[in-house]
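Two complexes come next, and they have one chain in common, chain A, joined by chain B in the first and chain C in the second.
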Partner chain A sequence: MNAIESLKHFIPELVLLGGAFAALTLDFFVKQKKLVGEFCLLVLVLALCLAKIPAKPMSLFFGMFELDTFTYFFRCIALTATGITLLLAMGYTPLRNRYEGEFYGMFLFMAFALITVAAANNLLMIFLGVEFVSLLSYLLVGFLKNDPKSKEAAIKYLLFGSVCSAIMLYGMSLLFGATGSLELKVIGDALFTASLKPLAATAVLFFFVGLGFKISMAPFHMWAPDVYEGAPTPVTAFLTVAPKALGFAVLTRVLDLAFWHFQGVWSPVLVILSILTMTIGNITAVSQTNIKRFLAYSSIAQAGYILMGLAVFSVLGRDAVLIYLLAYLFSNLGAFAVVTFVGEQTGSDSLDAYTGLASRSPAAAALLMVFLLSLAGIPPLAGFLGKYYVFAAAIKAHFITLAIVGTINSVIAAYYYFRIIRIMYLAPATAPALGAPSRTLTLALWAMLAGVLALGMFPSFFITRILG
Partner chain B sequence: MELLQLGAKFGIYAVMAAILVFALGVVTFRNLFHCALCLAAALIGTAGIYIALQAEFLAGVQILLYVGGVITLVVFAIMLTEHLAGKTVRQNNAQSLPAIVGLAGFVTALIALILKTPWPVTEAALKAKTSAMGLGEALMGTYVFPFEVISIVLLAALIGTVVIAKKDAPEERP
Partner chain C sequence: MTSHILSWIIFTPLIGAFTILFVPKSSAPLIKWIALATTAVVLGLVCHALTLFQPGLSGFQMMERTSWIPQFNVQYLLGTDGISFPMVGLTAIISLLACLASGSIKERHKEYFFLYLLLETGMMASFLALDLFLFYVVWEVVLVPMYFLIGIWGGPRREYAAIKFFLFTLAGGLFMLLGILSVYFAATPHTFDITQLVGMPRSLIFQQVVFMAFFLGFAVKVPIFPFHTWLPDAHVEAPTPISVILAGILLKMGTYGFFRFSYPLFPEATHWFQPTMATLAIIGIVYGGFVALAQTDFKKMVAYSSVSHMGFVLLGLAALNANGFRGAMLQMFTHGTITGGLFLLVGVLYDRSHSRDMNGFGGLGAKMPGYAGILTFFALASLGLPALSGFVSEFLVLLGSYQYSKLATGLSTLGIILAAAYLLYMVQRVLLGKLNPKWASLTDIKFVEILTLAPLMVLIVVIGVYPSMILNYMIPTLDALLKTLKV
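Take a look at the complex of A and B:
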């Protein structure tokens, strides 16, 4: 489809871009920067409403933007995650004297970047989109430049990310040289017909480096705890969810279209990496004393569970990835909403700030408990559905070792999630009671709670919607 | 003619060897300024390879952007930052040796892979338009979407960098 014809299917993205420019202009004129945030939120909602499920897959802009149900799903995830992050950011005080308006504007660019990643089905767009998301992430992590931790996190993220991207780019150049095409589908066919097994194996490993960095897969997870701890809390919430989800989207597309013929090569690698990721994440999470670091390791472990679905790579496995990502989105953003609230009220992200939270702020404690239980995979919450699907996929494809390791890890995870709950409910309160959360934060909290409960209690509604 | 081809072949290998040497210089010299100059030389050498591969436009862009733009900026940054130009910095640490051993293994594996792969020479690749005109048409045609996305990437990065580099907003500073 040529560029002009494509535009009418591209309206949500145009709205996002127009909104970003309008928000940056609006920032000149209004003193009350929260208005810019509200405007950005409005743009996101509008884009979400305008996005329609495509009846049949379309290749927009000469095949540079693949619009199908897969893209649509990740478009919704990207817009929701961005919207909730904006809600969290609007109540976040450290931003007050650090160019709040530009901060909100950047998030609209970020939403656009995430959607181009979801729709990328050739090497050029994959690299461009992933780099776009990475660049914006580095900037957002270092946004509070007067905070030394934030600065350090941004530099670490930048250095680590550049190396991983460079390695992925080298893999792409090998693929392009051997097949003469940028299109994933053409590459897949060329690899199938020509005998290029060593090259394909190398290229897929290089992809694992570049995208493994985005999804914080072990052994490329080193950056995650420092970056998640140092970044402004709303940005951390965003980074643990959206870029990770989109990393999985690209990985699914790449494995599906380009490397389907070599499943025997990469599937065992992914199984090992999945086991490594969840084990490292879970074991390190147990001893953390900072809630942001704790959730960082927990999110590494969660990436390990999601990788199970990819490693299996049956139809069920791929569906499991989508459902898990949705459940993870609600649970993790919800948990971070509570962390933002407590951090705002007590000025601390240490676990001590949560001692006796149940008596100091019963609602916050109850909500955090629900989100943590969902992350642990306790029914009838969203996380249970995700875990159920992932384990079902592993068992059905006879990946029994993977399923057993996953179960052991879930038990370890349950231990440390319950540890937080114990601190909140059984330890006596030592600090004064907390005030009421801001309106935007309340909205974010209830929206995520609704998501967690709805996905857990009415799974069939979501499953039929997602899987068609 | 034969002699000319042989000479060209040797020339390319000589340029490649020079690039490697200069690249090594970038990561081993202790003076930051020397590193920057080595980087410039390595980038000019890369432009030479582009010319040998008949991508003249790309070679021009390489010199213009990297040598003319990026390196100039780097040199300016070094000279404008106080006490940086004369300072020497160690570029290696205790982990250098294991890293070199690991990298040597990695590079050997890659060389084996590159030698083993049958790199196809296709009709389409030979006919690819690498002139300024061909590239311009491609950028306005098939590749118009990535082209526009790149402009948005640059704009967003620019805004973000300015915000990060600026001091706190004056009227809101405590």
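Take a look at the complex of A and C:
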């Protein structure tokens, strides 16, 4: 499809882009910066309403983008994650400075960038999309420029990210050199017919570096705890979910289209990386004392579980990645919504701030408990469905070792999630009661709770819509 | 209501739990009454189901089937038979009595009774679920309220005991999940429906591996040596009513799992595992007995006696014959009533003295005659005095195991002698001898406390005198199970 014809299938993205520029312009004229945030939310909702499930896969802009149910799913993930993040950010005091309006506007660009990543079907587009997301992420992490931790996090993120991107770019150049094409499908066929196994193996490893950084896969996860701790809490919430989900989207597409002939080469590597990621994440999470660092390591471990689905790479494995990502989106954003609230009220992200939360703010404690139980994979919550899917995929494909390691890791994970629950419910309160959350935060909390419960109890509704 | 009686039994406690959420925290008596009324209604529903239950049938009755997750062929599938129905009855009775005995809970009533009723829903559903996926879900649902019930209202080491219980059971459960998934993918067509899965051919090696995965899940729950270490901690630290639930019902979920899932799904592996099962049973009986003998803590003594008595259930399971199975099923029921009663009695004494040190008591028989009589009754029931229910079930188990192995039977009778030793030694130290002046002001057992114990005593005597009353419900199903196992 040529560019003009493609445009009519690209309306939600155009709305986002137009909305982003409009938000930046609006920022000049309004004093009440919250209005800009509300405007951005409106744009996101509009884009979500305009997005339609494509009846059949379409190739847009001369094959640069692929619009299919897979893209549609990640489009929804990106828009939801951005919307919830905006709701969190609108109640977050440290952002109340003269740049508040730009902060909201940047999230619309971010949503646009994420969707292009999900739709990208071409090495060039993938690189541009991933870099677009990365650059915006660096900016957002360092947004509180008077906070040394925020600055440190941004620099660390930038340096680490640039190196990983460069390595991935090198892998892409190898592929282009060998096959003479940037299109994933053409590359896949060329690699197979010319039997370029060593080159394909090298290139796929380079992809693992570049995208492993995005999904915080061990051993490229080092940046995550520092960045997640230093970034403004709403940004952390966003980073643990959206770029990670899109990293998985690209990885799935690349492996599926370009390297599927070589599954025997990369599948064992992914098994090892998956085990490494979940084990490192879980074991390090046990001893954390800062809730943001704690959730950072927990999110690394969660990436390990999702990688299980990718390592198996059956149809069920791919479904598992999608379902797990959706469950993770609800649970993790929900948990961060509570963290934002408690951080706002107590001014602290240390675990001590959660002592006796059950009596200081029963609703917040109960919600955080539900989100943590979901992350731990306790039924009948969303997280259990994700766990069920990855384990089912592993068992079906006879990846027994992977399943057993995943099981042991789930027990370790339950231990540290219950550590937080213990602090909230079993320890007596030492600090005064908390106030009520802002209206936007309440909305975000209840939306995520509804997601966690609905996905856990009525999964078939979601499964039919996501997987058809 | 009659057509969905099992769903009503499961969801009535849940309705009660959510009703409690809408009652203000300050009105504790109202919350207590709601909880008590809910558990009473559940018992009423179970009695109603009893009138519908046809004891002569061996298959599942009162089945309910609704598709839940069609993509995985997961169903909301309930049903009951001679194996699960006695457990449902036991759950209803123990839940009501333990709720009545919850007077010792002094704080956070709303949370307590909410979790308590949630727990009852989970337990009922575990005994009624016939879909493996559904079973796993409700099996896990039981864990979370239990964690809080031990962790918030427990004794000094409650946090450690609660997380230990949780992690042990979760680990076992997750391996069971892997087993469930293997069974699912090995079946054609893929299904979690136990009524379809039973009788499908499976290779021996597959059966052995998956049997072990299920075994881990159930063994932690029973608990079978060496997975029992969470039990003394959890039982001792839990508040009295929760200890009663733990010993009375939760332990049975493990042995129930063998009867319901492991045995019929993996008949060849069951035969292969028979010697190991018998060995583990003997270890449990003898080891539990000796450790119970060495205790000075009253509650810990009862906890270890549970390990010993649950060993008899395993021995009956290992016998793989009619008498063994009948004895095991009956022992599951009688152990629930007897040990539940003993834990209640420990609680009665602890509420007054705030001590569980048996050596520190003495001569309470004269001071608390009512209490002394009831405690002696339960001790005698527990050690297997004829005409009380404990005797019947253990006798049947030994009768069954004698046909399988004389050595195993001989070693297991040691457990009965040990039971007599530790229970009578307990009676001697607590009730007889000189009165410790420290306890001169203790008051005798109250009417409410007798009310929690009397129904159990009636059951113990009635089953002891006329066991076929309850055995008649179990026998057709157990005979059908033996046919499935080809013995």
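We take it that the second predicted complex is superposed on the first by the 467 of 468 C-alpha atoms of A that agree within 3 Å, B and C clash if a C-alpha of one lies under 4 Å from a C-alpha of the other, contacts with A are read in each partner's own complex, and residues count from 1 in each chain.
Keep in mind that, in the parts below, a contact is a pair of C-beta atoms (placed from the backbone, for glycine too) under 8 Å apart; a residue touches a chain by one contact, two chains touch by 3 or more.
None of the values given here were measured: they were computed from a predicted structure.
Contacts of A:379 after superposition: chain C is touched, whereas chain B is not reached. In the superposition on chain A, contact of A:71 is made with neither chain B nor chain C.
Contacts of A:61 after superposition on the shared chain: chain B is touched, whereas chain C is not. By the touch criterion defined above, A:131 reaches chain B but does not reach chain C. Residue contacts after overlaying the shared chain place A:109 against chain B, while chain C stays out of touching range.
Contacts of A:340 after superposition: neither chain B nor chain C is touched. When the shared chain is aligned, no partner comes close enough to touch A:361: not chain B, not chain C.
In the superposed pair of complexes, A:410 makes contact with chain C only, with no contact to chain B. Taking chain A as the reference, the larger set of touched residues comes from B, when chain B and chain C are compared. Taken together, the chain A residues at the contact with chain B in this complex read 3, 17, 24, 60-62, 64-65, 96-99, 102-103, 105-106, 109, 112-113, 116, 124-125, 128-129, 131-132, 135-136, 139-140, 142-143, 145-146, 174, 177-180, 194-196, 198-199, 202.
Within the complex formed with chain C, the chain A residues making contact are 373, 378-380, 384, 388, 391-392, 395-396, 403-404, 407-408, 410-411, 414-415, 418, 422, 425-426, 459-460, 463-464, 467. Contact residues on chain B toward chain A in their complex (touch as defined above): 109-110, 113, 116-120, 122, 124-125, 141-146, 149-150, 152-153, 156-157, 159-161, 163-164, 166, 168-169, 172-174.
Only residues 68-72, 136-137, 140-141, 143-144, 147-148, 151-152, 158-159, 162-163, 166-167, 170-171, 174-175, 177-178, 181-182, 184-185 of chain C touch chain A when the two sit together in their complex.
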